[in-house]
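Next up, some structures in structure tokens.
What follows is a pair of complexes built around chain A, which joins chain B in one and chain C in the other.
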Partner chain A sequence: MSHLALNRVSKKFGARKILDDISFEMKRGETLVVFGPSGVGKTTLLRAISGIMDPDEGDVLLNGRSVMDKGPETRGVAMAFQNFALYPHMTATENIASPLRSRGVSESEIQSKVKEVAKLLRIDHVLSHLPRQLSNGQKQRTSLARSLVHNPEVLLLDDPLRNVDAKVRYEMRLELPRLFKRFQTTVIYVTQDYKEAMALGDRCGVLLDGRFQQLDTPAQVYRHPKDTRVANLFGDPPINLVPTRPSKMPDGSLHTNLAGHEMAMPDARHEWAGRDCLIGLRPEHIALHATPQPGAMQVELEAVTPFSVRNVMLLRAPDGTEILASTPEDHPLHNARGQQRVWASIDMKRALVFDRQTGASLLAA
Partner chain B sequence: MNSTVVFKGLRGLALIAVGLFFLFPILWVVLMSFMTNADILRSPPSPFFAPTLDNYRGLISGNLDSGTGALTTDYMHNLFNSFVLSAASVIISLLLGVPAAYAFARFKFRLGEDMAFTLLSFKFAPPILVLLPLQLYFQDIGLYDTYFGLIWVYQLITMPLILWIVRGYFEDISPDIEAAFRLDGHSWVKSFLKIAVPLAGPGIAAAGLLAFIFAWNNFVFALILGSSSVQPVTVGALAFITASGIQYGVIAAALVLSVLPTLALALYAQKYLVEGLSLGAVKG
Partner chain C sequence: MASLTLEHVCKRYDSSKKNQDEALAVNDVSLDIQDGEIIGLLGSSGCGKTSTLRMIAGFESVTSGSIRIGTKQINLLKPAERNVAMAFEGYALYPPLTVSQNIAFSLLRSHASKEKAQARVKEIADLLEINDLLELYPPLLSGGQQQRVSLARALARDADVYLLDEPMSQLEPLLRAKLRARIKEHLIARKMTSVFVTHDQTEAVALADRIAVMSDGVLQQFGSPDDLKERPANLFVASFIGEPPMNLFRASLRIDSGRNLLDVTSDKGQALFQIALPAQARWSGMAAGQKFHLGLRPHRVRVGEGAAATSMTAGLTAKVVSNHWLGDQTHLGLEIGDAFVVVVTDGELSHAQDQVTLGVPIESLHLFDAATTQAVFHGPDMPRAEQPRHRVAA
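Right after this comes the complex of A and B.
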């Protein structure tokens, strides 16, 4: 039996449908990352599950039983907010103790439990501070501690790493999966950062227009995005989408003119011939060379910008199309400057193909 | 360098001028309260005189010697009335107005805005407009000349003030904080009492204080809807305009006595008052 399930949940704000007939099921202990750009209803979804807000239609089930008749205080769902939502007039200890106080836990047990979770989240040295005396990272940990201290059945995390600096974000991305495992909680994690989705999710739901456009493992979403919108959102630097029309060669294979460069399309399907397509190329699937290589496209290297350990290169193809490529740290062109001629080998085997009109992937069918 | 010194000097002078302008009447009243009527009426007026405590003595004992004859007064009772009326009005307004302000701030309900505006509109209407009919009704239903009747009418002064200032404060509190508290397992009543009210505390204090001062300064309601047994200081001071002349010294002393409580309260809570008003204003 599923632990948490949503059954046809919808919510409208005025004429706008924020959640449009959403259904999914989660196993106990599973982590689902809800990914999407801002304003698609990720927070609304969490509010509907937690009971802060009632959906217009649909049902939320916990352990197979509807919880729609229960208020937020009795659902057994904990939530950490994007803006932390700490109680400004209470110390960190009292903030974390709040869920225990409402459950009538004894004072000594409250103290020991607060200390335990604070130690786990490494905020035990600031427990006597008020929220305004805490750094953003500490606030975030306090808010997380408050949502974990009473071992909730379901934990909802609303973009908790949005308002902390890059270093804390990186640390927490490594720390959170361990925490989730330790508390055996069913987690719904909302984020706009595809890296968090990759790092934390057992499954990832891409929320667009109030629906899950794709609900799959993060790797699958990355490798086989269902359409161009998912492909565009999931990945940074973003995927290159180059318009093309494959054509059939006399020998039966498919060729295409990709940004002014004629190349073969291995593994192509015959029905693509003559169809307006978009070729999706992940920047890491384009290899750059300083010297001519067989089959490589001659391009202008326009600009180089560092990106974590990889570099992102802006290329201009023969027909003027701009293409992004990324190179690893040890690449000879890693420290190159822009404005020079280089050669790009494109891994067409890993290219994605979409319909130009609908944006739908042509690989899945 | 030089110009900033000059600028600072000019600013100091301007501040002193403004300060004198506003403080002079108060200073003059305080001086008058220590003068005999003869000193006050001397022309030209002089700041040099033999100070006397007779005015205060007379007020507190209730027996005034006006020169032409003895005048009994119950000014201390008026002072007591002012306390009872203002404090009770503010307490009732807080008990009813703070939850109402919370409702207006947090929930959208039918006619909500209209109700809030109607309450505010009580502040626009001249009191005289409602006073005469009220007086007739009050005499019919036996509320004339009672504390209860006056406190009820005083709600017209205190309630809109508290409602609108405190509402702005509640709107400034992130609803997420209350949502978080409820998700911790607390009922909404608790989230109101433990989260919303403490966080709006400075605003509630400021609104209460302002409402107290407005209630204290009210004149016309008590003049028409009560007799001397329930009338506050503002009306009580009228008694010193006698047939044999105006007792300026006594009036001044009465003013000083009546201003002291609100002045002390305002000084004590000055910080909250300014903070509260400006925050409410920003929210608009």
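Right after this comes the complex of A and C.
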């Protein structure tokens, strides 16, 4: 039986459908990341689950039973927000203890539980501080501690790392999975950062126009995006989408002119012949060479911009199309300065194919 | 286009302060910038990077020291007399002029022909993808669009030096990688000497030929992105640069029957592991008992199959706390004793593994003096073991 389930949940604000017939099920202890740009309904979805807001239609079930008749405080659902929402006049200890106090837990148990969760979140040294004495990172850790301290059945996190600096965000991203596992809580995590979506989710739901455009494991979403909108949201540098029209060769195989370079399309389907497509090439699937290679496209290397542990290379293809490639840090061309001619090997077996009109993937069964 | 030289430049905003050292916003900064070089001034807020840029522009006076463009001292000239082009935050676009007129304004004022100005506007608009905005007025633009127009206005000018303040902080994510690369290509192809300020090392590393890392008004290091990563001058730079930055430990040198060993402990003092240095690894002042901050670069530490082959440790394992595949790289959060260690690989590691073998090759190792925090040894300066870079099975 699923732990948490949504069944055909919809919500309108005026004429605008914010949530459009959303259904999904989660196992106990699972983490689902809800990912999408701002304004797509991510926060509204959390509010419907928590009970802060009632959907117009549909049902929220916990352990198989509807919780629609229960208020937010009795659903067993905890929430942490991007703006921390701490009580300004209370110390970190009192903030963390507040959900326990409202449940009438004994003083000694409160003290030991607060200490335990504070240690896990590495804020045990600032427990006596007021929120204004805490850094943003410590505030968010305090807010997380408060939402975890009473072992909620379901934890809803609304973009919790949005307002902390890059360094804290990185550290927390590595720490959170252990925390979730430790509390065995079912987590829904809302974010606009694709790295958090890939790193934290057992599954990732890409929310667009009030619907899950794709709900799958992060690896599946990255490797087999359902359409160009989803493909564009994952990866930095982003995927290359090159317009093309495959054509059938006399021997029956499919070829295409990709940005001015004739290429065979292995694994191509006959119905793609003559169709306006977009070829999706992930930058890391393009290999660059300083010398000619069989089958490689001759391109101009326009600029090298090192990026984290890789290098982003801007290429100009024979027909003028710009293509981004990403190479490992120690690549022989990583110190190239100024334009030069190089050769790009494109792994067509890993290329994605989309319909140019609808953007839908043509690789799906 | 010209070279730009800063010599012993200081800035003090409040000359009444008794403790004179404390009041220095910029403290004895010297930079020798070549003609056509792209320079990033990088640091957190309050480090002095923006004050430095404003002194070059002429918006701030220089308390002491001198600034030259080519051979001409400019720090006593008015901003308009310095022949520098600027894109500054708050250096607003003219609201009554269209985007196109804003970009052409300085060109026309410097007596460029209308045709030349138009051609230049078209070229720079193509580069920054603002063609559709040219006839609009600035108040109608989004923050990211205004930033691109402001950048276009600066880059369209003919100037000796280009000064850019956080030029790409608001670029739309889908455009960012491409625009960064195009701007870099544009600057290099036209040999435009440029200095930009940023708090974002991603931007600094992407664009700059050399980066000046500043902290508390002091220049910490001035070097190429490779230098900053592979040869950080001190503990500050080591802990600041890199995404993620270096893993830091404590270590002390022990000499045992002719072998040089580093005993590595966590910040909290727990003994973690031992490193057997190759005989060629030497530095001046090397002595038994010497104490260090030890840095291991996340992208040079190896994991998985073959990791042990070039390692200076024997049988070092770590517990996997998190395993984050991001499409083109994997970030691992690991525990060794009470220390948290981050490793980055280009490949993918099976999620099932909860224990990994760690390899610590010489090129991952950096040592900083425990007292002065200055670098004493960089592993990447040693000859590399002939081994493919740490890829793990995909």
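One rule holds for everything that comes next: the second predicted complex is superposed on the first by the 364 of 365 C-alpha atoms of A that agree within 3 Å, B and C clash if a C-alpha of one lies under 4 Å from a C-alpha of the other, contacts with A are read in each partner's own complex, and residues count from 1 in each chain.
Please note the rule applied: a residue touches a chain if its C-beta (ideal position, glycine included) is under 8 Å from a C-beta of that chain, and two chains touch if they have at least 3 such contacts.
Computed from a predicted structure; not experimentally measured.
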With the two complexes overlaid on their shared chain, look at chain A and say whether chain B and chain C clash or fit.
fit
With both complexes superposed on chain A, which partner does A:Asn83 reach: first (chain B), second (chain C), both or neither?
first
Which of chain B and chain C A:Thr74 touches, first, second, both or neither:
first
In the superposed arrangement, does A:Gln184 touch chain B (first), chain C (second), both or neither?
neither
Now for A:Asn63: first (chain B), second (chain C), both, or neither, which partner does it touch?
neither
With the two structures laid over each other on chain A, which partner does A:Ser253 touch: chain B (first), chain C (second), both, or neither?
neither
Closest Cα approach between chain B and chain C after superposing, in Å?
13
Chain A contact set shared between chain B and chain C covers none
Chain A residues touching chain C - in the complex, by the definition given at the top:
167, 170, 173-178, 195, 198-200, 218-219, 222, 232, 234-238, 282-284, 302-310, 312-314, 322, 324, 326, 328-330, 335, 337-339
Contact residues on chain B for chain A in the complex?
174, 176-177, 179-188, 190, 195, 198-199
Name, in rising order, each residue of chain C that touches chain A in their complex.
173-174, 176-178, 180-182, 184-185, 188-189, 202, 205-207, 209, 225-226, 243-245, 298-299, 321-322, 324-329, 331, 333, 340, 342, 344, 346, 389
Which bits of chain A are touching chain B when the two form their complex?
47, 50, 52, 71-74, 77-79, 81, 83, 85-89, 98-99, 101-103, 146, 150
